[in-house]
Each structure stands twice: as structure tokens, then as C-alpha cells.
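Two complexes are shown next, each including chain A; its partner changes from chain B in the first to chain C in the second.
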Partner chain A sequence: MRSGHYKESVPSLIVLSDSTAVWVWGGILVLAMAMAPYFLNAYLLSFLVLILITGTGALGLHVLTGCTGLISLGHVGFLLLGAYAYAVPVAKFGAPPLIGFLSAGVVPALVSIVVGVPSLRLKGLYLAITTLAFAFIISHVVLSMSWLTNGARGLPVMRPELLGIDFESDARFAHLCLVVAVATLFAVLNIQRSRVGRAFVAVRDNDIAARTMGINLQAYKLRAFMTSAFISGIAGALFGIYLSFVSVEGFPFLMSIEALAILIVGGLGSTAGVVLGTVLIVLLPEVARIALGMLGPQAEMLFSTAAHELRTVLYGLVIILFLRFEPRGLVGVWRDVKRLWVNWPLRH
Partner chain B sequence: MSALLEIQGATKAFRGLVAVSDVSLSVERGEVCSVIGPNGAGKTTLFNLISGVLRPTSGRIVFDGKDMGRVPSHRFAAHGIGRTFQNLALFKHATVVENLLVGCHTSLRSGVFAGAVFFGRARREEIAAREQVEEIVEFLEIEELREKVVGTLSYGQQKRVELGRALACRPKLLLLDEMVSGMNQEETEDIARFILDIRDDYGISVLMIEHNMRIVMDISDRVHVLHFGQKIAEGAPAEIGRDDTVAAAYLGPATAKHPRRLADANR
Partner chain C sequence: MQYLVDLVVSGIAVGAIYGLVAMGFALIYKATGLVNFAQGEMAMVIAYIAWTIAGTVPGHPWLVVGGALVAALLLGLVIERLIMRPMLGEPVFATVMVTIALAVILRSLVLLVWDPYPHALDIGVGRDVIHFGGTGVRSAQVAVMATLLATCAVMWAFFRFSRIGKAMRAVAADERTAQLMGISAARIHAVAWVGSSLIAGIAGIFFALIYDVSPNLYHVGLKAFPATILGGLDSVLGSGLSGVVLGVAENLAGGYLAPSLKEITGFAVIIAVLMVRPFGLFGEREIERV
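Right after this comes the complex of A and B.
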């Protein structure tokens, strides 16, 4: 336990978690997900893959909106850019997939400077609107550059072969997504416990004090944009591969809302919240579909004909409900439950 | 050697209002100086000029022999200017230790990638920073607050954390804006002791804005008095206590004949 009264060695104070339980349960969870492809049917496996990809993308937005406090509706723009930055070199020019993934991170990171610089002086609603415009400009540009992107026809992409490993099968592809998601999670957690991550939080909580501590506000906001875009781009590439087809239609604006909903439902600013929020938001439409199915075949029909609209309504609804009743998000609930458990009579 | 801080004819005007008007003052190395003056006298504005939060309309700020006019605001910390704020400016969703670690920002190097990997140099520098923070935590006697989220602490505790954060910048000059306002007698005495230790043990010069005359009279080497943006007096605490213009500024001209009351002005 960390406590003020015992003097411990300093290296032990900067570990990611000093709780053995966290490491053990985390390990079990990852192991379970690694084994899952061999037990789940294709339909259920697709949910696992979706959770992993969406979670990776949400971690990207988390760096920008959760940590640095820069609200962005442009998330889908970075996902789309990442997907095309992968698909164009790999599917059109036959580049190795590893190069594709590199470009899926680097291209959005560079483009994020273009939206980042005009956003430096903007806050709140104005920033939201600017990034919203950015998302639509990106899809417009992609459509108009059809000599490179095939325009509205899109680009088919295959499952990749990386470092001599073929990720063609569903199970292997799930493993690839798992590796990327876990690596991203660790990277984000590490950033948060180091200089740059603390600077992000400082910029979010009090920019004048942050500057007085020696933090260059513009530079760090840009760094947040670039880091976020890099991670989101990788997630976008994975999503494109998952769809086996990269097109503007495959990346609806709703994905920006979905990622914001994940952050709010999980608890804004919390990395554990991103994980919890992702699971809830990805599964929510399916749960709603099953619930509607119980109301009879007509209701289920509605779901298949208006799935996109229903998802829009659902995300909006959970955002409002959480902001109204539990602004701390699922991590807040989790902490309450834990406190209750620890303080239960006769437990200590 | 020249003075650590030299303000030469600094003026700051907000539209029509001249908040600081042609103020010159200096802080020598190893000094504890106070800035006093009635509400709205321009004390905080003066601090904002010294710490780069605001730029003077005219005049110069020379720190450690360097004209700060062309130094970007975020570089003031690296030059050795640390400060606290009158109305708490902590990172309130972060823990005490995290707040202090932000104070170490300028003495660390690692970027996004090194931080994400958290290995080798990045890890070593984090350990070194944490060691420094632990030292400050012990110095300020806030061991049991280490992992607390700052927003949950009491006002007095938050003030202490802000002091710690400013110390973590390893400043040459520490600017304290009304450090003890709202504190009880005991907390005030703790802070007075810390300020003297900061000067004596760490060799940091201190410039503080205070309304509490006890602490001003007890621990400052020199006092500067501001009134309506102008500097109206400067001297040792005892001299200032006897100064008629100062008493007039605080209490109005009618009571200037009883200057000894100055010490009770804010009771």
C-alpha cells in the first residue's frame, strides 16, 4: 500500500500499479481474450474485435479530450485518415503492411497539425465546431482525390501478413487487435505517469499555472493532437481491415459521437474508464436489439431497418443520462462499490 | 553582483486603468521582501509582470542580469522564477505528488515517445524527479497528503501544496501572493518558518505580497508599499511601520497621526 507513513524506495513509488490484484486480474483478462477466438463463434468474436479496435481509437481520443481537455468531434476524421493511409500504400501500391501501419499513424499525426494550429486559441464549443468541420473536410478531400483513393468506390483491403505471421484467419486477426490494444493501453498509461502526460493534465486543469511551471501551451496542445491522431489512425487502419473495405461510408460521423460517449460513460479523464466505457458502448446496441426482439418481430424489424438511427439515439441517451446522473462515469460507480466492499462491517 | 530582480519603471495599463504605474524596485539575492498595499493597489498585477503572465506596457523587468522582455512566458520558470497564486491555481484533478511533479517540468526532458516506452533514461529521470518531490513533501510536512487529489484538500493544505509546486521549479526567486490569507495563527507561523528555511537552506530569495502585517514585520528584510499602482515607500519593516504616507494610504489621512495602528490595519 502507498501510505504517507512508511518510507519506501522511490522506484517502487512510480510503478503503474502497486497492487498485485490488478496485475493478476489484468493478466487473466488478457489471457482470456487471447483464448477467446478458439471458443467464441464468429458472431461473438466480431464483438471482441470491435471492442479492441474501438477501445484503441477511444484511447486516442482520451489523450486529447480526457487528458488535455480539448474536446474534439474530429475523431472520425483521424480514423478515416488512418484507414486510407494504410489502404492506399498497401492495397493500391503493394507496400508491406508494416509500412501501411506506420503511415496509418504518421499521416494523421501530421494532418492533425493542420487542424491543431487553428485550434490552439479555441476552447469548448468553438473547438468542437472546428474539429467537426475538420471531420467533414477530410471525408470530402478523400472523395475528391479519387485518383489516389478510388473516391466513393473505396479500396478493398486484405488481412495483413506482419513479421512473417499471417493474420488472415479471424482468430489471428483478433490476436493482432489484442496486441495493438494492450500496447496502446500501456503506452497511454506510461505517458500519463511521465512528463508529457502531466503537462497535458496541467494544460487541462489550469493553463496559466501550467505556463508558469514552464509548459509551452501551444506545443503541448499540438503534441496532444498528434499523439491522439497517431493512435486513432492505427485504430482506423485496423477497422478498415476488419471491414475488409475502406470507404468514406464505412466511417460515419457517428463514430466521433461513439468515442465521446465512451469517454463520458467511462468517466472523462480516466483510462480505466475508457476500457469500461468501450465495453458498454460497443455492446449497448446489441443489448438494445435483443431487448427490442423481446417486444416482438416488428420491433426487431425496426432495428434492422433503422440501426444507424437507433444507435444515434442510444448514444445520445446514455451521454445525457450519465452527464445528468453519474458525471464521474462508470469508474465513479466502480470506486463507490469498492469503498462499500472495503468498509463493509467487520471487513478490514 | 547585480540584484537578482530589478524592475525598472514598470507600467501596466488595462484599457484606461493604470494598475501598475512606473514602479521600480529590486530584490537582492538572499532577501525576503514584502509588497504591501491596500486592495486593488496593483500588487498581483506586479507579480504577473514579474512571472511573465502579463507583459508591461512600458518599463523593463531584469532578472538575474537578463532582460525578460523577449523571453517567452513559458520560459520564465526555467530562468528561475517560481510563484504561487492569490486564488489557488492548482491542477485540482491531479494528486499532490502529481502537482509537485508538474513543478519539475523544466528539469525533465522526456518527450511523448520516451514517456510512452518509459524505459531507460525516461524512467531514471522520473525516479530522480520523484526523489526531489519526496524531499519537498517532507520539508513541507505533507507526507500524509501525498496521494490525495488536490481538489479534496482544505484551503490551507492547498496553499501548502502550491508552495511545494513552486519549490519544485527550483526557483532562484519565489513569488508568494497572499500565502497566509485565510489561515489560522498556527498555519501562519508554519508558513513563516518555511519561508525563512527556504531562504536559509535553499538559498532562494523571496518576494511576498501580504496583508498580514505580523508576518511582514517579522520576517521581511525590506518592504515595498504600493498604492493606486504607484510605489509610495520602501524600507526596513520598522521604518515602514513609522511612515506617515503608508499609514495614510491604509487608513486615510485623518488617522495618519497614529501610525502605530498600521500593524492592526487588517485585524
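Right after this comes the complex of A and C.
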């Protein structure tokens, strides 16, 4: 039995994972998800796609809120911007989808500077309120610039063709989402073990101490905003393609809450937590629907008529219950289980 | 000119509602140091309860108002006792997220319990129009302005003279020292939640009287945010008066610039104010010591 977890050099400290088991299981999981589209029916496949897209978006918020500690209620604003930054050039002006994805990342990142600069002076609650205001202003601007965005009518979006590969079918589109999600996951993990990522965490843990260590708070906060907006924008574009229609209604404010719920349920500040939280939050309404269905057809009826409301209540309850009883989130539960498994019958 | 006067008067009336809700924000922030994102939702729930009472026993305006205020009192107590008190001592992020979760839950519960259609709250008073020169004002609009002034006066006297009000100021200034002086912080928090729920309830009833009861009523909370920021999160009276300023500002922007601007005037004001003064216009500057 291994008696401890010893790190003896800097590379071993910042390596992605020193455990072969983690790499092997991670590989198996990715492989399983790559094969899944050939075995799942369309209904289950849509959940896989939703998990992958939502996970990408949650990773975007994770960089800002989880790593850097800047609470943002404006996540949905970046998702919406990303979706429109993809849809406007591709659907309206016939640009190649690759350009669309590039602009889906770059446009929110640029706009995030506009949000980020006033936010530099703000902390905690004030920042949350500013980002909330920002989300409303974005959807208003999108609605009022109807010559570009078709206003409330929205823009239809086709499945793209990238690098000569046609992503028209559901299975292909799931693969596209998988590639983006895995790439984003690695990008975020790599940011975290770089100088920039350590600076983010230092800003989160104690910004005054970070500043005395020579970290330029403003530069790093802006960088966190831009990284987060870039990732969220890509996720927004994918979500728009998934809906095959980009409109302001497709991106309700609830998405900001959903993203925060994912971070809290998974465990704030943990990348593995984002993955776990995404799976739980995306599947939660479906699990609740099945559970209610067992109570009888009447309960299931309620779910079909008031799906959005029940989903909202579920998110709210999950947030409150996790914050109350397990603030470390699913990652905390996982660590406890692991410790129990390794050390049983001893306690430590 | 008449157009301007009309815009300003109706702006003051709607601003008085924002001001009331904003005072609720500030009261909770002052006592507990957190922003209650569910303030608008609380106003909405109380307005719905008032509408239900008015529908069950028509013709008793005082019963409707009294019943709704008792419901507001209970709502504030229940939220504080069941949801907020267990979170005492947790980081601000966690407690604020709890209020956000509470907000979305209340919002959906209203849709589940009642229906998604707008209703008029008809209690027999408040709909008659009073004329001042050429400007017609509903009596409920006059009443809400008077209520805001009265609430401001009560709040001022409460913080200045009453024992609990002074204790609340002490808790706001330094919670630990206040506790060492024998003040129960938990009880002060409960008072703040009840007070803020009552004020939100009053605002909700007035909103329902002047406009209607609908699941979008919680927007009044979003609109009141800018007022709280403008007045300073910890300044109860400042928030109340800033509400009026913002009500007028958004009416003028909507009337003269573009109707759609009305919705986001407040948010634009938030960003502008926070860029110039990160702690609000009348808020106390926090000094961080290492």
C-alpha cells in the first residue's frame, strides 16, 4: 500500500496526472464516448451532445469563477454572443464555418474586455451585479441590432462542414462536440498548471497577497475574462448549432444559473468537478422526470406541462442543498469515497 | 411640456416602487452583508398572495393588505430561519448563491402554483384618477409616493432611536464586537429579513395595483438593483431616494430616446456608477487592511 503521495520535483508537481490508472480510464472514457453515437438512439445521443456542450461552457465559467474567483452572472451573455458571432457570418453572409468558430471565440473575448475593465475595480457582489447587468444589455443590443441579427426572429443555423468533413448527421456532430470538449478540457487543465493558471488561483485565494508577489491583478483578471469568454463563446456557437436556431429566447438567463450550479455541485475550483457537475446537472431533469413518472401518470403530466419550471426548481434546490450540506461538491464526495476505499477499516 | 411632466410624474411613481424594493436590498445588506437576489421574487410572491386574497374575499381592501403583510412577515421569517440561518458564517459567495437559487425557485413556484397570465389586482381602491392641472395620476401612484416617504421616515427613526435599529447598526459596523456586547446577530438578521420582506411586500402590492400581477413582476427587483447601487448598498435611505431618480431617468430615456432603452437604462447606470465610484454614490468606502 502506498503510504503517501510524494512529489520530489517541480515537473512531478505540475504534471497533468502521474497516475497510469487516470490516463487509462480517461482514455477508455473518451473512446467510449467516441463509439457511443453508433450505439445510442437519437434521444440518448442528444443528452451526450448536451453534456459535451454544457461541459465546454461550464469550463469557460470555471476559468473565471472557479479558478480566478470572479463571480459572474453574465455567462449567458457570452454564450449568446458566441452563438451570434457564429451565426451572423455563417448563416447571413455565407462565411466558412471555421471562420464562424473563430469569430465565436474572438468576438466574446473582445467584448469581455469592455465588461472586464469596469470590473477591475469591483469585488465579489458588485462584480456579480455588473455581469448580471451586462447579460441584460447584451441581449438587448442583440435584439435591437435587427439589421444584423434579425432581432427577435433569430437566425437559422445549419450543421457545419469543417476541413472537408461534413457534420450533418447526429453522430458526426457528437464527435465534433467531443473533440471540442476534450480539447477545452486539456486547454483548461494546461492553463491551470502554467504560470498564468497559478496566478489565477493566487488572485482567487488572496488578491492582496498575490499583488505583493508581483502579480499584475488587472492584467490577469482581464486575461481570465478573455479566456472564459473565448471558451464560452465556442460553447455558445455549438449550442446554437445544436438548436439549429440562434435567438435570444434560446439562451435564457437560467443558463447563467445552470453554469453556476454546475460549478457548485461539482466543487468550486476543481476541473474534475466541472465534469461531474455537468453530468449531474444535465441529467438531473431527466432523472427527476423518470422518478416522477414512477409516482403515476399524473405526476408525469405535470412534468410535461411545466418542464421549464420544475427544472428551475431542481437547479435551485440542488444549489441550496449542496451549499448547505456538501460545499466541497461531488469532488469532495469522491475524495471521501476514495479515502474510505484505500484506508478501510482504518480511518486515516 | 405636458409630455415631460407626464413622464416625470409616472417616473416618480414607478421609481417609488423601485425605491421601496431597493430599501429592502439595502436593509438586508446592512444587517447581514449580503445581497438578497430574491428581493423582487419576494415582492412578486406577496403580490400574488394579495391577489388570491382579493379574489377569495372581494370588497375588503384592508383585509387584502393586512393578510398580504402577514404573509410577507411569515415569508421573511421562514426564509431567514430555514434557508439563511444555516448558512451563517459561510463565505459570501455561498450565501449569495443561495439567495439566487431561492430567487429562481420562487419564480418557478409562482408559475406552478398560479398561472402565467397577467391579472389585475382589484381591491376597489387606487384605480381612480386624480387630476393635478393637466396631469392625471392614479390615487395608487400618489399613495406609493407617500408610502415611500413614510417608509424612509420610519427607517430613519428606526435606525436613529429604536433599540433594535441601533443594534442593527452595531452589527453592520462590526458583527463580532456587537455580539460581544450582547447583541444577538441572528435575531438582528431575522429582523432585517422580516423588515425587508415587508417592504418588498408593500412594493409588490403597489406594483400590482398600478400595473398588474404577472410572473414578470420580479423584474421590479432587477430594476431596483441599480437604485441600490446608485444609493450605496449599505445606505437604506439613499437607496430609497435613488429609486425615484432611476424611475424618472428610465422614463425619460424611454420617452425621448427609444422605448426599448427603458429596460436597460438602469443597468447602464449601474455600470457607469460603479466605474466612477465602486461603492455607490452614498455607500461607505471599504478600506482593506492586510
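The rule is simple: the second predicted complex is superposed on the first by the 330 of 348 C-alpha atoms of A that agree within 3 Å, B and C clash if a C-alpha of one lies under 4 Å from a C-alpha of the other, contacts with A are read in each partner's own complex, and residues count from 1 in each chain.
The criterion applied here is as follows: contacts are C-beta pairs under 8 Å (C-beta built on N, C-alpha and C of every residue); 3 or more make two chains touch, one makes a residue touch a chain.
Since the model is a prediction, treat every value here as computed from it, not as a measurement.
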Chain A as common anchor, with chain B and chain C clashing or fitting: fit
One more residue to check, A:Arg153. First (chain B), second (chain C), both or neither? neither
Would you check which partner chain A:Ile208 touches, where first means chain B only, second means chain C only, and both and neither mean what they say? both
Check whether A:Asn216 is in contact with chain B, with chain C, with both or with neither, and answer first, second, both or neither. first
Given the overlay on chain A, how many degrees, to the nearest 10, lie between chain B and chain C at the CA centre of chain A? 80
Is A:Lys338 in contact with chain B, with chain C, with both, or with neither (first, second, both, neither)? neither
Quick check on the superposed pair: does A:Ile257 touch chain B, chain C, both, or neither? Answer first, second, both or neither. second
Shortest CA-CA distance in Å separating chain B from chain C in the superposed model: 8
Which residues would you name on chain A as touching chain B in one complex and chain C in the other? 208
Tell me, which parts of chain B touch chain A in their complex? 51-53, 72-78, 82-83, 85, 89-94, 98, 101-103, 105-106, 108-112, 114-118, 122-123, 125-127, 130-131, 134, 143-147, 165, 169
With touch defined as at the start, can you tell me which chain C residues reach chain A in the complex? 34-35, 83, 86-87, 90, 92-94, 96-98, 100-105, 107-109, 111-112, 222, 225-226, 229, 233, 258, 260, 263-264, 266-268, 270-271, 274-275, 278-279, 288, 290
What does chain A use to touch chain C in their complex? 71, 73, 118, 121-122, 124-126, 128-130, 132-134, 136-137, 140, 143-144, 208, 254, 257, 260-261, 264, 268, 306, 308-310, 312-313, 315-317, 319-320, 323-324, 327
Using the touch rule from the top, collect the residues of chain A that touch chain B in their complex. 2, 4-5, 10-11, 13-14, 187-188, 190-191, 193-199, 201-202, 204-206, 208-217, 223, 226-227, 269
